[in-house]
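In what follows, structures are represented as structure tokens.
Presented sequentially are two complexes of chain A, the first with chain B as partner and the second with chain C.
Then we have the complex of A and B:
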């Protein structure tokens, strides 16, 4: 009883402070809220994804996969499995990640032709995700603790923030600017700048849909501003809070994908 | 011969393109065919590949050509009645022995019973253990001939006709594999790759007078495994025969000796990398027992460049063999070019094996691969040294659909 009263009070306080924030809202609060909305909606989720990769000569490739995700805690450890269906050379390949917060992720790759469960050592997260212009980190989320943020400007419908890496030696950018849309509290554009202050990489959100009450990016684009080329990514068949059991996230699902959770239907 | 191979490749390639014509993503690339319940159709996938390769020097035992084959692989998998059915088969013309070949690589059904048990029955590829190209507790059949002439890495594993039952429990998982009929490796026996025959005490090419005697019994393999907090523990058992003929019958014919193996492994993150260790006791019944042990470490050394290192020992009462391996892998920014160097070196046998390879993915259909198989030695009777006459280079071009 007492506990629920306290919960009610703190919830009320949160709502009040949520409305009072306005200009006082710190850059970090904004970024952390956007991170939760972008990567931690619901307790778990399923989504099909398709990427169309266009190189600087206009040649196209495609990737298609289904993602299952479960949060151990919001903003914290996350289990993820990615089941590839296209193209032919990665068909039935499965990628399993345990996303850690203050440690390297645990990662495994299942190669069906060899029946091999290959464990992958921690790697630079700012490298191409399956040959696309998106980085591994763009898909799994960059830890907000790695950067300092400042509020550059604020308009009626968005915040513009500047992120600067705490350890510049670990990343290829010197800073980035991210526009966070106030309506959904989602990053809708990020531009990365190099040491000479030139923009060389840009992520744009092309479509946001609200799924079960969660604003969800369903179409985005990553462009290479220096060499040309871009990757567009679309999500379909999103479902949140589907009740994925912990046991799904295991070696078992690498060898025997859990068909009932992968069935695509709206 | 070469012309014939290329003619065949052209024919296979045309067929493959026809088969994949519906796979065009230009129109409605976002809306077409997501594989939903409604639009599930039977999907055949596979590839057409042409491979060509030759020995560096004329071998006294074989022709220069080491590989020349157009190959077609067709696969299909479908879930029906809660059972996943998989079929995958290869057909190829082998320019080395000038014959057509076919192989069913997979033909199996996989299903779940009692919620916690997965059963896979039929022809399947099986792999476990933690070594990288070093096998201690993985006694499933391997195809060393394919490995040494430069076929795709997939062919290192030969299929087994087996029943696999995997049960998952809270505290441990159990994997049981029963192979009703013993499957040996596609070991080196002279017809394609020359080797050192300890009976005659010399290097040997194709010698039809050598008759290998195969056992007709079954094999069992078991694995107990658990992932606890990111650390993967496993214990293994095997009962069957050596996978290549390491014994002789009373008539001095090479045969496969009885073998029982018990082992264990651990794999975990360690500092910025991964460490794995594995041990196995080989009980040979009719010959001297020995131990095998392995320690490995892998780490991304710098962005997109990974180094893996292994130290391995086989120790018996009379014989010891040590092997060090390193795998260096680099991939380019777009993830389409992969360069790799795998090296085996045996400090106590003074021999080794280098495997430099490249894989270049041109697009979603086309890819190119190539590499070298380079053996070196001090004396011809050592594990890798016996293959030095077979040093070769190869190129493969593949169209996947």
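Then we have the complex of A and C:
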């Protein structure tokens, strides 16, 4: 409801701005297509992720986890479970996320050695994802309705779009530029700029593989351009349309992980 | 020697003048490339192990140098206006180049953790936007008071002050950054008090004040000396010679210092003012004698030759002894003091050299009419009656005087016992200086702006065990050649990086067939266990030990506040459980700690964790906030920790060490005290040996050392009695006193012996001694003492201390020499002057 209202408003604005209609409309189309490709491939999916977090002194930490995902609706509500396996001291820690479109996500957390299930309410999604340079929002996908887009340039193989937050008070960037690769219609580079127009944060896709016909990012990197440090994230064992039952996206699975769906070796 | 000098003075006069001018200008040309060094850390050599450790800790735990911006509101900072201003300044500071924005800390950029209904925990910015009204501001107050790491660190315990900690990339930029912040603050409309402090700011300010000192005090010293010489000799042309000697000595010495690549530190900035009065002393001797003898000879060349014949040896010896006093400072382990000692010492020898070559040449170049009037004026001077009386009094009550000096010695002995060794670079500023005021205000409100870091380190090394686990796995026949290669590559690495090893084996696990799974999985499990075991600072036992030590430190009253990894874990654990005080405790096991910290890292500021522990969890830093940076205070803290460890031994394989500026100050001050004693003793021995050689007599050697020994003892006794802290400038004074005040004794004894040879009678000798020789000695004492007084107008406390003490030391040691030597000589005249009739 809210979304369609926003769409109506932006459509009205576009009509007023006349000439910009074509550009904005296509910019939004591009972004929405990219969002679907990046976060909603197939009806569900599984992948094993590994993050190497390197700080500005070159010191490393590792995080290894398996993600199970199921879309309730393409571009809409999405269920997600994240099961940690490494380092060994955080093994069996589980996050459960219900990604909402028009509201805050629902998040739960299970910490096995504290024997604790906790619901998490976050003021915003731009906090570090378990100590990495990626934000929660980078993992779950930033809602495209939160920003206005314009097409900055277009080349033979890519679009460059500029995203400007509708509510600047809620984010730490003043705008960002995203390069979308025409071949896969995937964002392959995003650069975030602060108020003084300096680039301070950058996501780069290092490798794209096609899995079951879906172009999939399998290696990406987020860098802190101001203070140094970066996180590389690699995905392996991707599988789409595996028929995940709704029942595993539940509080029960936090304490009792669905082992059969987490088996990576076939 | 004297013939050579006379030849230069007469035959090559122009060359002497030109050469001196050229050398002076040539070397002085380097002065503009001066580099000021204000870092107290440089009191220790670059390679000092504790300094190296301190810097390594600073880097490892990202403890940057900080500018501290404080705002004080006498009611409470929790009001809309103050917090809005704080928000503005904090965001502004974050946007500045040269600021480490990631680690900037203020209410405006820290996270808050709260309970949001049962079973729900909320993470959000504490104050992403300024509060809309005072009620919202007070809500922030409740939040802050609930978070131990923030409370009394970013807002004071009395709620009247809030701080913005601005970490900077380089200390060199601190002044510019502080200025930008001041400008920003001046645009604010509220009536709050804002303060800017922090060591980098103080250091910058210090550098500026040093320039002021050199720009004002040194020329002022020149003016004062000029005026004094005018009073004594009343002839501008003549005293210009002494001033030229002083100027070229100072310019060449400072030029050489800078040309050789030394930075100008607080000590070396005093070189000019030290050299100026000392450099004119030899000229004063030459001029005094010249005016006395010119009448007899009536010719400049002969007179100067005669004067030099008399004075060359004593002048050489006094110059060498003074130089030794300063050179002995090179024995201290403190580089700025070494540089100071080396250059002042060499400057004194240079001054002697210039004096004996230039002054004769200059005098020979003057017109006879000038010389005539000079001799006329100075000779008409009336005799100083008080000096005669002083000599008589000294001799008449010889035994009484000796008893008095012994009493003074006893007084000094007890005073020295009470000496308080203490220093603090912030106290180098005067009490009304803004840096000192800001320091006081902020320490009054907060738990302390002085930092000491206690670094805990796990010495258990899992490297060998990891390697042998891999070797063990290699014994398994099931492994393919490819797997073996992969494992051997790991063994070839110099260091065991558990993350990389685990990743490599994880990759291997997914690429091999099921026949190889068993050995590789077993190896993986073993490595993971070793990795977990090596993360010492996830152990609740160790964290509990740290907490208990913190609690103990709090009871000593010496530590304003301490922050450690244990506080982080307890706070997050509390919020994860209930948010209530009863859950402010450590999890039961190491994995629980790891999971708690995983949550802590899921914030806006994940990097904050690395201020307290390294990512491998092998080292941990406990941050102690102290309200005083006095080294005595810090020493007490260190002792308190030592005794705590004595009673509660550290867990196995754990070691601690100290870092932090406040601690480094202790290190160099201890080094200074020990070093000064070494330098004093060695200077004493060398000067004593020189005296014995000079006078070819042990008795006179001992006699020469007496006045300065009493003077030094008296001065330090007085410092003990008065309760003045024994700090760096005070420490440096001892060797200087020795080098300078022995001059008086040399001249007195030398002249006494010469006179005694003529009179053969101690009583007559005494009368002669208290005429011209005593006058020359008191004149020199006055020149040096008054020459140092411009330091009293310096903007920084160490300069003033040096000024006050050197002036009084010179005065006291001249008086002591003039009373003590005649008194002792009278009392022991049979021993000292055998053969003469008493």
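Convention: the second predicted complex is superposed on the first by the 239 of 266 C-alpha atoms of A that agree within 3 Å, B and C clash if a C-alpha of one lies under 4 Å from a C-alpha of the other, contacts with A are read in each partner's own complex, and residues count from 1 in each chain.
Rule of thumb we're sticking to: a residue touches a chain if its C-beta (ideal position, glycine included) is under 8 Å from a C-beta of that chain, and two chains touch if they have at least 3 such contacts.
Predicted model only: the values in this text are computed from it and were never measured.
Q: Check the residue A:226 against both partner chains and state whether it touches chain B (first), chain C (second), both, or neither.
A: In the superposed model, A:226 contacts chain C only, not chain B.
Q: Just chain B (first), just chain C (second), both, or neither: which does A:61 touch?
A: Both partners, chain B and chain C.
Q: In the superposed arrangement, does A:239 touch chain B (first), chain C (second), both or neither?
A: neither
Q: Does chain B (first) or chain C (second) touch A:124, or do both, or does neither?
A: both
Q: Should A:87 be classified as contacting the first partner (chain B), the second (chain C), both, or neither?
A: Once the two structures are laid over each other on A, A:87 reaches both partners.
Q: Does the superposition put A:52 against chain B (first), chain C (second), both, or neither?
A: both
Q: Scan A:109 for contacts with chain B and chain C and give back first, second, both or neither.
A: Only chain C is touched by A:109; chain B is not.
Q: Does the superposition put A:162 against chain B (first), chain C (second), both, or neither?
A: neither
Q: Would you sort A:28 into first (chain B), second (chain C), both or neither based on which partner it touches?
A: neither
Q: Once the two structures are fitted together, what part of chain A is touched by chain B and by chain C alike?
A: 50, 52, 55, 59-62, 64, 86-89, 91, 113-114, 116-117, 119-124, 126-128, 130-131, 236, 264-265
Q: Touching chain B in the complex: which residues of chain A?
A: Residue list for chain A touching chain B: 48, 50, 52, 55, 59-62, 64, 85-89, 91-92, 98, 104, 106, 113-117, 119-124, 126-128, 130-131, 234, 236-237, 247, 250-252, 255-256, 259, 263-265.
Q: Which part of chain A faces chain C closely enough to touch in the complex?
A: By the definition above, chain A touches chain C via 50, 52, 55, 57, 59-62, 64, 86-91, 93, 109, 111-114, 116-124, 126-132, 136, 169, 194-196, 224, 226-227, 236, 264-265.
Q: If you look only at chain B, which of its residues touch chain A in the complex?
A: Of all residues in chain B, those touching chain A are 25-26, 29-30, 34-37, 45-47, 77, 79, 82, 84, 110, 112, 118, 124-128, 153-154, 156-157, 166, 168, 173, 225, 227, 230, 232, 267, 269, 272-274, 276, 298-300, 303-304, 306, 333-336, 361, 363-365, 367, 400-401.
Q: For chain C, which residues count as touching chain A in their complex?
A: Touching chain A from chain C are residues 59-60, 95, 100-102, 111, 116, 119-125, 128-129, 497, 499-500, 502-503, 506, 510, 528-529, 531-532, 535, 538, 573, 576-577, 587-592, 594-596, 598-599, 601-604, 606-607, 609-610, 614-616.
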